[in-house]
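Think of it as A, B and C in the order they're written, each chain with its own count starting at 1.
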């Protein structure tokens, strides 16, 4: 069980949301450390977030991941925790986590975050990172809350999946996609360099 | 007494100012932790900063707040510390802190930051977060400096206030103001949802 | 020997690179603290980075600096560590560190980062902050790796230098340069205020 929570989101760093979420974590256990992966995921961009987490998961300290890119907040999408060999990943059930899970050997179990003792109630104010995801992550990382107490176990088959777009390969050409552009303009595509093609690669 | 200092400013994250202020804190006591609330408050925007702190104060760990949005740096505005039930809030006397104070039950005492042993002297270089606010916050949080040693106690009536703009309500209409727009485009106004109006809400 | 690593880069805070580098550090020793100086140095801008580090070095906790602005990554530029009275500075050999070194009394020794036990191997993927600079910084800060084990000692004369642009002073005029503009629009020039000029200062 880790005392470090890795945290990624699309909240940006301006409006204080990240500070509030980290405040909630500190109030539950002020010895927990938070490793910020990024809060600059483009708003509601699950694809960007999924790929970022897939790259990062191999390097960040094992234990607890809190990841929030959540266009469905306020809908009936579930809040979930997924267990893996790496540790526990907590976030919305919208496919954000599944590439990271796959990178470390796949999901083992999943739970819904429904234990009301660990949800901060708010009327007419929807900020699940503060009110649900952070309390469960901090409760678990601090040892106060066990996975089995999170809520009902979920069927792994029912979890939402984000899939990397497929390339379109014929004898003549490969049509791929730029998945991601980094700060320096480097592009990551879904075309692997070992693929040969007689004609041309069109992006 | 807290070992965590919550820190908010309008410094941005590019020019190294935030790192320098945190370096000053670490040099005074390297066991202190800093919880960054936001450093993306728009430059010199006391209104944005006041509202951000008002929202955040309920969630961040109690103890010490260091908040700097300071258009009057270099003028004769005072550097102050305000005590509350939440803890001690340190910043410029320009109204930045008073909504946060009010949210946690109001100011109790106030002190000017004038103890010269805790001010880093600089010639022709005005960076009070580094030279005044951070040393007092770190000195206090680490237990090396008592509140009564900060400087003269101030009359609470003399502190500058930032007031939320009033709405203009008649039988026919409510004229309010958008106080704040978050990263996702959600607007916070000074119109409460329980208010009814026969005509229209104009913003 | 410090347990704090100060970290500056031009990576930005969006794509997760900073989180990955800090993850690598935590995996080597999870008791190490990282003090972020800035990750908003303009991409590949050694001049901006040099000046930022020169200002910051006087305030940040002594011990270990990890600084990466690295337009030559992938070329044969060396990865180096420089020892000073302040502590050890780790980064690319491109002049980024020399103003900071000079500010704290000058370089004493320099080593190349070539101990293969501390380099994370990657095929076709060039991210030296993650694979070289961070492991050496964390290995050293945690006491697992001694300076003499980094790699061959280098001749200080061979290190690349970044020099502040000279002013052009005649009896009639001073031609200087704006070195740096901060978040609030303040300009830092290479003209000192004690210089007098009969005519005009042209920037």
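The definition used in the following text is that contacts are C-beta pairs under 8 Å (C-beta built on N, C-alpha and C of every residue); 3 or more make two chains touch, one makes a residue touch a chain.
Quick caveat: nothing in here was measured; it's all calculated off a predicted structure.
Shared contacts of chain B and chain C, meaning chains that touch the two of them, come down to A.
Judged by shared residue numbers over all numbers used at their interface, chain A and chain B contact each other through mostly different positions, with under half in common. Rotating chain A by 120 degrees superposes its CA atoms on those of chain C, with the angle stated to the nearest 5.
Chain geometry summary: the mean Cα position of chain A and that of chain B are 32 Å apart. Looking at chain A, one finds that residues 13 touch two or more other chains. Across the complex, chain A meets chain B through its residues 10-20, 22-24, 26-27, 30, 43-44, 124, 130. Taken in their complex, chain C has these residues touching chain B: 3-4, 6, 8, 13, 33, 35-41, 52-53, 55-56, 59-61, 180, 182-184, 193.
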